[in-house]
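Each structure below is given as structure tokens.
In the two complexes that follow, chain A is the common piece, with chain B as its partner first and chain C second.
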Partner chain A sequence: MFKYLFAKNEDIPPGSAAIFFGFSSILWFIVGTGLGSFNAAKLAFPDFVTGIEMLSFGHMRQVHVLAVILGWISMAFAMAMMYITPALGNTKLWSEKLGLWNCFIWNLGLSVGLILLWFGVTSGREYSDIIWPVDLAIIFGLLLPLGINVWMTIKTRRTQGIYTTNWFFGAATFMVIIVFTVGNSPEFFQLTGLTEAYLTWWFAHNVLGLWITPVAAAISYYIVPKVTGNPLYSHRIGHLHFWSVVVFYSTPAAHHLMSAPLPEWLKSFASVEGVLILVPAIAFVSNLLLTMSGKWKMFVENVEIKFTITGVLLAIPLNMQGGFQQTRAINWYIHGTGWIVAHAHLALLGFSTFLEAAAVYYGLQTLLRRKLYSLALANFHFWMLLIGFATYWISMTIAGLIQGAGKIYEVPYIDVVIAEHPYMIARWVGGTMVFLGNCVWLFNMWKTMRQGTLIPAGRLPHELAYER
Partner chain B sequence: MAFREYTIGTRMFGLAFGTSMFITLYMPAMDMRDVAVTDIGLHRQLSFGRVGGFSYEDPWLQGKAKPATVMIDKDPGTGSTIEATTAYVYPAGTPFPNGIRHPVILGEKPRLMSESLGKVGLADDTKGAVFIVREADDGGETIPYIENATATRGWMPEATMSVASEENTLYVGKGKIMFVREGCWWCHTLLPEQTQDWQYFGAPPMLGDFNGENPTAFGSDRKGPDLTHVGSRNSSREWMVMHFFNPRLVQPYSIMPRYDYLWGEKDINGNVIDYDAWREEYNQYVANERIYPPEVPIPAGDSEARALIDFVINLK
Partner chain C sequence: MSWKFDNPLHSLASEDQNVAARELWEGESLGGIKENNNRLPQPVVGLLILTIITAFLVTAPLWGQRPTAAIYEEYIKLMDTPEVKSIADDGKKMEYIVNKVRTSGSKWVALQERHPVEMDDLRIIRSQIEELQQKNAYMDEYTVVGNKIVLANFEGNWRDDGTRVRTQPWWDKGYTIDIFFIVIFCVSVVIVVKRLPNYSWVPDHDKSH
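Moving on, here comes the complex of A and B:
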């Protein structure tokens, strides 16, 4: 990588940036889930590694969250954008060199931000924990260069139309820059009180709604038609999905603060808009599942489709849960409990991670021109993720319901803690499975790069039979 | 390649996204801007100081340049006895809280009172100042405001610190930094919910309780009790000292981490704390080889643990 940083743009092999982003994202995935598993162990066994400031739960939790969001998920997104956008525009990435620098600065900036967080240098805001000087570096060093590359690639495309995936990529990179800038303004401008609290959640909500969800969905709009060979079921439903994301997903930020003393109109408005998120959700899921028609056997046989469709199917419980849990009638029960943690992992570890994993699997094979080293290991990875995630989700949902019941029946808090204990252990076991699965994945991808069967020119990876 | 539909689409996108930003940013901001601060809000910001997270004056979150909260019953200027008052002491060089720097965030009436009666405009952070919270009657309505006691009564920061005894001095501002840095808010909320919680955790806050506070650190996950009113439930320092050193001394099933590392090297008597020996003895106690757990050292006056306990006790 380093030798290309100062090479001429033309001398850099196309796809290099995407490959580096792909491997970086897998590494961050391992780091992030390893930290998650460590934190989970601490919640299950509080005296596991104790009395060391740097290894205490309060110093590690936010590092896990941001390592998976900005390291794994967002770098996998960057990798997807860097190979899908040009492929759909029938062109090359606008600047491979910018892409490589982007990847380099991304790893560097994120490491600095996370190490500072680890030391406790934080802004004290959930999700926007990173301090503002590093935030500025993220905006100008990571997000803006990525955006420029995507926008310019779309602009210099050699097709007339722009495919759905690229609408989402272009719009989401733009929106995330605005969201990052505005969402961190309480820090830049010393905003205080409820305005600060509201903006914190405005940021958290919109990073999920205008970055993670649409980009993950956009990836499946590419993978499913590409691998199955079916055209997208409906371009119009794609439109409905896109526009309803922009309109409905950008507005319900206040539903994260339903029990705070925010203006009542804002909470009611957010709650209604939050239910309307079901519009893009249903449009998305139905469009992709209908695209699968006649090719459902690939759901079993093909890893990329297996990951993608599992992610799409997980969007159903995710959005049903999301739409209902944020209404006043339900939110008071589950707010601030493990239920929300379960939901967060359903969104990020369930729905979105499966889609990004598909993008990285497919992208690395295409770009390296090598067939996946081992199907068996990929299936192992899949089941470790799915079973691990399901264990996590179910155990934390139950823990959350226990906490909710404890809340309304005014049970002494310690009894709730005791009742939750078995589920904390189950969550740790589930999360650790995810982590171990990821280590296997890195091995598989590394072997693919070194020993995978070469893909002949003109063929696509999924057209070749697996050898192992 | 230009394509008419995309020009229209881009504009539509701008319109849709812009409208959404207008509704979710501009309208709430305008609405919340007019909220008048409550007396709770004034006490909070004066006790916390300018920022509770990363800042220039305290980049490593060690609790530098933060005010002290003191309870005094003697006038630091004249030495005569006065009724018990909580004063917030900002030694020279300590940045003022946001309500002093930008009084507009206090809301109209508290701002006018603080400026006219309270003389907050005269406060100068290079010289330091002492603030108190007062109330004035405005046509039957009680308006809380900040009084700059340095300007109105001649209370100087050092003199105020010296009339307050050590046990009446609380390092709440530094404690809030510890609370944020140590991530207590990943397990504890600072926001009793408006629905059920008031029976158990006390009254939920009002709209004006937070003006001037940054960050509010409400927290979103609860793995322990809400702490907003914990000081009214439990104000025992002895309990807090044991609980922070090792929560399982007082609550065997607690999952709260040990915060013994906040004690630093020496205890209040200047004796070096031998953590290894302590843990060893504690393990013997857990294994039923000892009848009593080892003694917990009392934190030194300038330790981080002391400030954190001050902060927690002060959450009334």
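Moving on, here comes the complex of A and C:
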């Protein structure tokens, strides 16, 4: 990477930035899930690594969360944007050099931010735990350069039309900058109390809703038609999906604070909009599943489609849960329990991770011009991810229901802790499976880069048979 | 940009624009990706309408309400009656009170069933409820939160005496804003998709790919 940072833009091979972002994202995924596994072990086995403050749960939890969101998910998004955006515009990335600097600063900035968090330098606000100077660095050093590269690539495209995926990429890179700027305003302007709580959850809600969800969906809009060769089922459903995300997801987020003394009308407003996230979800899932028509055997045979369609299918339980769990009727029971932790992992480790993994698998093969080293290892990775995630999700959902019952019926806390202990062990097992699967994935992609079969010019990776 | 309003549900674009859109659609390759022009399947439209209706029904403040002080007034009143005092067991006392209130035709029966209490709970909140009664407070405006009774955080209409109604409304301005959002969204999306060639037109993907 370093030899290209100071090279002329024309001398940098196309796709370099995407490749570095791709491998960085896998590395951060390993770091993030490794920390997750470690943290889960501390909950499952309370005597595991005690007495060292730096390794306490309170120091490490937010490092895990942000390593996954800003490291794995967001860098995989950047990777996807840097090869899909130009591909859809029949052009090159506007600036490979900016992309490489973006990747370098992203890795550096995230490392600094997470080390500070690890040392306890934190804003204390969930999901926006990083302190405000680093927040500013994220806005201006990470997100804005990414946005400029995406917007300029779209602007300099060689097509008249803009495909659905690029609507989402262009809009999401803009919206995430707004989300980071407004969402962190309590730190910039010393806002406290209910305002701080409200903006904290406005940020958390919209990082999910206006960044992770639309970009993950955009990836599947590219992968499914590209790999299956089928046309996207409906351009007009794409419009319905895009605009419903923008309108219904961007709303107040007060449904994250249903028990707080916010105005009730604000909760009513947010709660209806919360259910209405099912509108984009229905549009998205129906469009992609109908696009698969006649190509369902690829769900079994093709790695990229297997990951993508699994992610699309996981959007169904995700949005059913997300839509209804925030209503007054249900929220009182599950708020503040492991149910929410399970739901967050359904969103990030289930729905979105499978889509990002598909983008990285497909992108690295395409850009490196190398066929995947081992189909068997990719399938192993898929099943470790799916079984590990499912174990985690189911066990934490059950634990959440136990905690909800304990909360409502005023069961002594220690009894609830004892009752949910088996599920904490299951959580650790599931999370560790994901971590181990990711280590295998890195090995497979490294071998792909070194020893994968060369893809002849004019061919695409999915058109070639797997050799191992 | 010209508009056509003679058959708005068919197309809002002029024939020239539709011809140009069809040529672009079929003639341009977006990185090898093709798109069809299918309408939203009717079962999915039904599902979307159901979602919007459900969103209002399921979020109505009728659900998930906290218990108000009003629903326990009748319980408190019965606590010192000779019939209740003559019962030794707390569980049986509570059973008697609940049955007595239910058979007397209380308007709070449904909420009482949803928020059951025990004698110890009544003993804890009794003094607070009696204090509010002495002040002629609007008891349904006070919420029972654990062992405390607090004024609910709703701001309804002004009364003649200068106070505000604090009971949870069945409708509030949040829902009005929601309707505004939904209407704007539906109108905007209809306009966007009706500017495209009608869904009866099937693009020929062999032209450019």
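Going forward, the second predicted complex is superposed on the first by the 467 of 468 C-alpha atoms of A that agree within 3 Å, B and C clash if a C-alpha of one lies under 4 Å from a C-alpha of the other, contacts with A are read in each partner's own complex, and residues count from 1 in each chain.
Basically, a residue touches a chain if its C-beta (ideal position, glycine included) is under 8 Å from a C-beta of that chain, and two chains touch if they have at least 3 such contacts.
The model shown is predicted, which means the values in this text are computed figures rather than measured ones.
Is A:F269 touching the first partner chain B, the second partner chain C, both, or neither of them?
In the superposition, A:F269 contacts both chain B and chain C.
Check whether A:P231 is in contact with chain B, with chain C, with both or with neither, and answer first, second, both or neither.
It touches chain C, and chain B stays clear.
Does chain A have more residues touched by chain B or by chain C?
So, of the two partners, B touches more residues of chain A.
Tell me which partner A:A87 touches in the superposition: chain B (first), chain C (second), both or neither.
second
Touch test for A:W243: chain B only (first), chain C only (second), both, or neither?
both
Contact-wise, after the overlay, does A:Y361 reach chain B, chain C, both or neither (first, second, both, neither)?
Once the two structures are laid over each other on A, A:Y361 reaches no partner at all.
Touch check for A:P261: first (chain B), second (chain C), both, or neither?
In the superposition, A:P261 contacts both chain B and chain C.
Just chain B (first), just chain C (second), both, or neither: which does A:V279 touch?
Touch status of A:V279: second partner only.
Give one of first, second, both or neither to describe whether A:W332 is in contact with chain B, with chain C, with both, or with none.
both
Considering only touches as defined above, state whether A:Y163 meets chain B (first), chain C (second), both or neither.
second
Looking at chain A, which of its residues have contacts with both chain B and chain C?
Overlap of chain B and chain C footprints on chain A: residues 159-162, 243, 247, 251, 261, 263, 265-266, 269, 332.
Which residues of chain C touch chain A in the complex?
Its residues touching chain A are 24-25, 28-41, 44, 47-48, 51-52, 54-56, 58-59, 61, 63-65, 153-155, 168-169, 172-175, 177-178, 181-182, 184-185, 188-189, 192-193, 196, 199, 203, 205.
Please give the residue numbers of chain A that touch chain C in the complex, ascending.
Chain A residues touching chain C: 84, 87-90, 159-164, 222, 225-226, 230-240, 243-244, 247-248, 251, 258, 261, 263-276, 278-279, 282-283, 286, 290, 324, 327-332.
For chain B, which residues are in contact with chain A within the complex?
Touch list, chain B to chain A: 1, 3, 6, 9, 12-13, 16-17, 20-21, 23-25, 27-29, 31-33, 35, 41, 45, 50-54, 59-61, 98, 105, 180-187, 189, 191, 193-197, 199-200, 204-207, 209-225, 247-248, 251, 253-261, 275, 279.
Inside the complex, what are the residues of chain A that reach chain B?
These residues of chain A touch chain B: 42-44, 46-47, 50-53, 56-59, 61-62, 119-126, 131-132, 157-162, 167, 171, 175, 178, 182, 186-187, 190-198, 200, 202, 243, 246-247, 250-251, 253-254, 256-257, 259-263, 265-266, 269, 332, 335-338, 340-341, 403, 407-408, 410, 413-414, 417-418, 421, 424.
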